[in-house]
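Pasting in a structure now, in structure tokens, and then I'll have a few things to ask.
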Amino acid sequence: ADKVTLATNWLAQPELGGFYQAVADGTYARHGLEVTIKPGGPLVNNRPLLAFGKIDFLIGTNLIQPFDAAKQQIPTKVVAAFFQKDPQCLLSHADGPWKTWDDLKQAPLLMGNAGRQTFFLWLHDAYGFPRANLRPYNHSLAPFLNDPRAAMQGFATAEPERIREASGKEPRVFLLADHGWNSYSTVLETRNDLIAKNPELVRRFVDASIVGWNTYLDAEDTDAADVLIKKDNPSMTDGLIKFSRRKMSELELLRGGEAKKLGIGAIDVERVKSFCAKMVAAGMYQEGEIDPTTAVTVEFVNKGVGVE
Amino acid sequence: MNERSLWIRLGAPMLVGAALLAAWEAWVRCAELPKYILPTPSEVVATIFAQWPALAPAWLVTLKTMLVALAAAVVFGVALAALFASSRLVETSLFPYAVMLQVTPLVAVAPFIVIWIGWERVWLTQLVCAWIVAFFPILSNTTMGLRSADPGLRDLFTLYDASRWQRLRLLLAPSALPYFLAGLKVSANLALVGAVVAEFVTGTQVDNPGLASTIFTSQLNSDTPLMFAALALISLTGIITFFAMEWLSHLLLARWHESAVGER
Amino acid sequence: MAAPPLVELANVGKTYQHGATALAGLDLHIGAGEFVSLLGPSGCGKSTALRMIAGLSQPTSGTIRRAWDASPAPAAGTDCRVPWSHPLGCVFQEPTLLPWTSVWNNVYLPLRLRGVSQAAAKSQVDEALTLVGLQGFEQAYPRELSGGMKMRASVARALVTRPQLLLLDEPFAALDEITRLRLNDDLLALWRERRWGAMFITHSVFESVYLSTRVLVMSPRPGRVVEEIVIDLADVRTAETRTSVRYNELCRRASQALERAIAEASTAGRSA
Amino acid sequence: MNERSLWIRLGAPMLVGAALLAAWEAWVRCAELPKYILPTPSEVVATIFAQWPALAPAWLVTLKTMLVALAAAVVFGVALAALFASSRLVETSLFPYAVMLQVTPLVAVAPFIVIWIGWERVWLTQLVCAWIVAFFPILSNTTMGLRSADPGLRDLFTLYDASRWQRLRLLLAPSALPYFLAGLKVSANLALVGAVVAEFVTGTQVDNPGLASTIFTSQLNSDTPLMFAALALISLTGIITFFAMEWLSHLLLARWHESAVGER
Amino acid sequence: MAAPPLVELANVGKTYQHGATALAGLDLHIGAGEFVSLLGPSGCGKSTALRMIAGLSQPTSGTIRRAWDASPAPAAGTDCRVPWSHPLGCVFQEPTLLPWTSVWNNVYLPLRLRGVSQAAAKSQVDEALTLVGLQGFEQAYPRELSGGMKMRASVARALVTRPQLLLLDEPFAALDEITRLRLNDDLLALWRERRWGAMFITHSVFESVYLSTRVLVMSPRPGRVVEEIVIDLADVRTAETRTSVRYNELCRRASQALERAIAEASTAGRSA
């Protein structure tokens, strides 16, 4: 079997469940792959490992970093986009003063470093969220819970439940995707030379991952994968896992959009271009600085794998 | 140090500690703060006991990283200081690189260290990170100490044709000892912080998570009592190390150095 | 004095960094078996001269020749069970003991630096300590000693290597007269036995005449030798020597030379 | 230190530095490493110039945090050490809390510091974080130094009924100076790292970004040359600070302390 | 001696931490205007006694009474333009100068500690420096001085406060005889003028007799006073004093007392 390493962007969690599923139920093995998953973390930066060739695949949070790679002429590409819709959201207290998207502009907004340098720039440009309202966020809910006027960033598949578990009340959720943020999320990247030298391996990995995701979403019993997830990430509770799985289905994160027809992982180049245009409009890139088509390839997806 | 003063020196901080904890407990109870904002000390202690099966191994992992990093910092810091003592030129030429190593933030260089060492060797990577954080104070203090030997004694060693090694071991090392010990206290603390931060920036060893993993997990789960439990263990480690160092100082300096002797 | 001198200073000058000239035109030689005393007013450069002879400080002018520079000492680590001899022994004006170890270890130090084991050094170290009357204080630390005891430990350390040339900077200044006289006699006895060369800095005219074969009197800053008094007393000196006419005459001569030198200084000082 | 030795002491490290940079440049060019993996020094320098309009203000922000935090560390560390010097009991009672402050990882307590100080006051929060990182070495070293005064001189001051303050200022402070200076070198480095880390944990700033924001953004954007440019500025700051400290040491100790005087 | 003594030690004993007994049963008193010399073998506890009188060390048995404990010194910061007098002046056996400042500042230190401004202290400090012959070295740092010069700076520092009781621990041991004799005379002249009390530790029998009104001879460890010799020479002493019969007789008595004390010690030491 070929040895392959997949580095993720976060600790083990249901939002990465398909990959763990494929490890746990032997899907990768059946595709002739021996996969090791290297989890990410709050201060862990796995990205350079890909460029250095120390790992083979990397999960990216959204399309921004692949665009940056294109800009820096780093020879990597997105080969599959697992979340058709970005679960990135803003949250406010259920009994707090902020009831609408526009209200949030007045809220002190807890946001971490990555958010500030990516989607906040878009929030600022497209909706006029003021910079002065930014507040530090270190993955601790305490500052948010401490202040009913606060708003914070989050993943729609996790933070609402974390907040409910801590305070008993589920917060209001505002999906960025509902307001025009049309990036893919949980995108799979690899190096161009791997695509060139061993496209077969890339194909097997993408296919197996899609199968893994399908299993993870459909199966009643995903215990094997969840055990792996909980082992790698002790903060995972059964409640959180259940919530995430439910939300992923509800929001059609994996099977919505183009994936309905083309299968999980589907990439629509037009959508990538449109997202890129939005980012250029938001001032993140210069006009023409990035060729979004070099950041992605549809060579390995849109084949309807796993679609009944 | 006689029996009585030993008791005072152990008793006084404990009394102060008890008073502070009591005040904290009282304040949290009166203000009725929810425990995800600030738990009471008794809740923290209860959490330590309740979570001991998970906390103990994590503590051991962090402790191990800290101790090995500190040992490496001592060995390397002292060796480098000894090299510096041999020539002022070597010292000024190399010291800036030691400074660079210390001032470069781990978050920035961690990925490169990971690449260089290999991401599978997580513990080694963490060790190197913690070592980078910890070694400078030992180097800086020992270097200053090695320079501070009494000139009369230096002359004595020159007169009797002491070899470099003899001079280092019999003259410079004892002279540098008080400086070294002051540096060691700082380095011990930094090794501990370094061990925790290293786990943050290099990622947990999946099989052997340390206290950083506990802290992060508890942050995610808003389990503030657990986080305080972990922090309490870290503080405890630091304080125990501190008193161990004090005791070591006393042992090594008691009979001769001004900082430790009583009445002349 | 036919033998080549152990050490020879020719026209030596020393000016310190901040411009103070301690020595100017110092000529001085010490032959094997000679016991040379240096008398001079406070601050005239005696310690400076001693440090230069010991090789711890370089002259800013003039030359120093040392006999043992040609034939280097045996390398450290050589078998040293046979009594071993270092070319130089030195008692500085301050005791300069290692504060972190015992008196015994301080006296053992020069032997240790030559690789002599503790066991092999034991008899030699104990002998030196007994000579200066410090038996019973082997395990004391320097800070637990009185001023005079520290100096005696320092003397023991200088003697323990059986040097060919002994440099002593006011070794007995902090001692009571009885102990001092006893140590004078002990030192002389040792000297007669071993015939080392010695340079002895003292402020006691009597002591210098009693001990020496030659007394050099120095002028105040900048220091140089202004008078040389050859002591032609019998080799063996006893209490009777002190009452002899010749001894008292020599003492008077030395005293007067010193007085003259200082008188010059104070007139120079007042005019400056 | 005379003219010549001054030149050697500045020239030697520069020569070594130049040699290392040349080797790095040659190696990267020969191995044909792409600049997103490892830029050459010349690329880094070019980046510094090209990005100067963005780097300069960021540098100033970090520098300001560092210097103010260092100043606070000096004031607080020295004041506390002076307090400790007044009584051994106070020292043992309070020192453990200084240790706790130092060993608690910023990443864990930053959220609480933010809540406590108020999250609008970002700069103050950063300052407090950097200060927490920096102050311990000064405290530890100065405490040791204050204890190391010569007992003979202590007696002298007792004899002449010196007040506590006179004893502190005229006897203990000069005795502690070499220790303090060794600690200051460590603290200066830590204040710099602290300033960067503090910005990380309190959130990179959009309006007045410091070098931490630059590093984070460049990491996020895979802009390795920019990251190296920022790291180079940090290293440079550290090295300049180091030489400034050396110079300060020389100035303060040159005429009397063993560590600085030349020939006796 | 009718006036109450400045300081009185009754049956004082001192045992150090590691069990060494330095003093046992020491009785001693110093009256105003008395010049008391302490003679005794090296290590007999003279410095220990001095430190206890200065209040720097506590006796383990017996009592010490100090006249000035009852009437405390004026608080620091009081107006001090009028010449101010500290009860105690002290020259330790080691120079104990502050290494980080100049000779001038070192001598100024005791005045500074009483809040005297530099300008106000100038004449007093300069006078003290001139007295010990250190004019011209005001700006030198201690490490740039010779051994004897350091001790002289220390003497200047003790004199500068015009103390009521002066404690001197071998202040002139490191000085040449000419300088020493001159300083002896200067000290005596000052004493006749100011009539302070003085305790003078020395190893020179001649010096002790020449300077004192009373000489105390101590026995070796554990030290106590074994002989008291009242010096009934005329108050004004000159070079002629040294040749007087009475002076020489007193010197012989002191010498013999010391010799007896040490003879005891060495037999005791050998039997131990």
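Read from first to last, the chains carry the letters A, B, C, D and E; within each, the first residue is number 1.
Here is the rule we use: a contact is a pair of C-beta atoms (placed from the backbone, for glycine too) under 8 Å apart; a residue touches a chain by one contact, two chains touch by 3 or more.
Since the model is a prediction, treat every value here as computed from it, not as a measurement.
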Ask   = What is the minimum number of touch steps required to go from chain A to chain C?
value = 2
Inquiry  = Going by the contact definition above, tell me which chain pair has the most C-beta pairs touching.
reply    = B-D
Message = Counting only Cα atoms for the centres, state how far chain D is from chain E in Å.
response = 49
Query = Once you find the CA centre of chain A and the CA centre of chain B, what distance in Å lies between them?
reply = 38
Key: Contacts with 2+ other chains: residues of chain A   = 42-43, 45, 47-48, 52, 138, 140, 142, 146
Request  = Any chance you could list the residues of chain E touching two or more other chains?
outcome  = 94
Contacts with 2+ other chains: residues of chain B = 37, 107, 111, 150, 155, 200, 219, 257, 261, 264
Message = Please output the residues of chain C touching chain E within their complex, sorted ascending.
response = 16, 18, 20, 39-43, 45-47, 93-94, 133, 135-136, 140, 144-149, 152, 169-170, 173-180, 203-205, 255, 258-259, 262, 269, 272
Task = Mind listing the chain D positions that touch chain A in their complex?
result = 34, 36-37, 107, 110-112, 114-115, 119, 122, 125, 200-204, 206-207, 213, 216-217, 219-224
Key: Contact footprint of chain D on chain B as seen in their complex   = 5, 8-10, 12-13, 15-17, 37-38, 88-89, 92-96, 99-100, 102-105, 107-109, 111, 136-137, 140-141, 143-145, 147-151, 155, 178-179, 181-183, 185-186, 189-190, 192-193, 196-197, 200, 212, 215, 219, 227, 230-231, 234-235, 237-239, 241-243, 257-261, 264
Message = So in the complex, the part of chain B that touches chain C is made up of which residues?
response = 150, 152-153, 155-163, 166, 170-171, 174, 177, 255-257, 261, 264
Ask   = What does chain C use to touch chain B in their complex?
value = 51, 54-56, 73, 76, 86, 88, 90, 92, 94, 96, 98-101, 109-110, 112-114, 141-143, 161
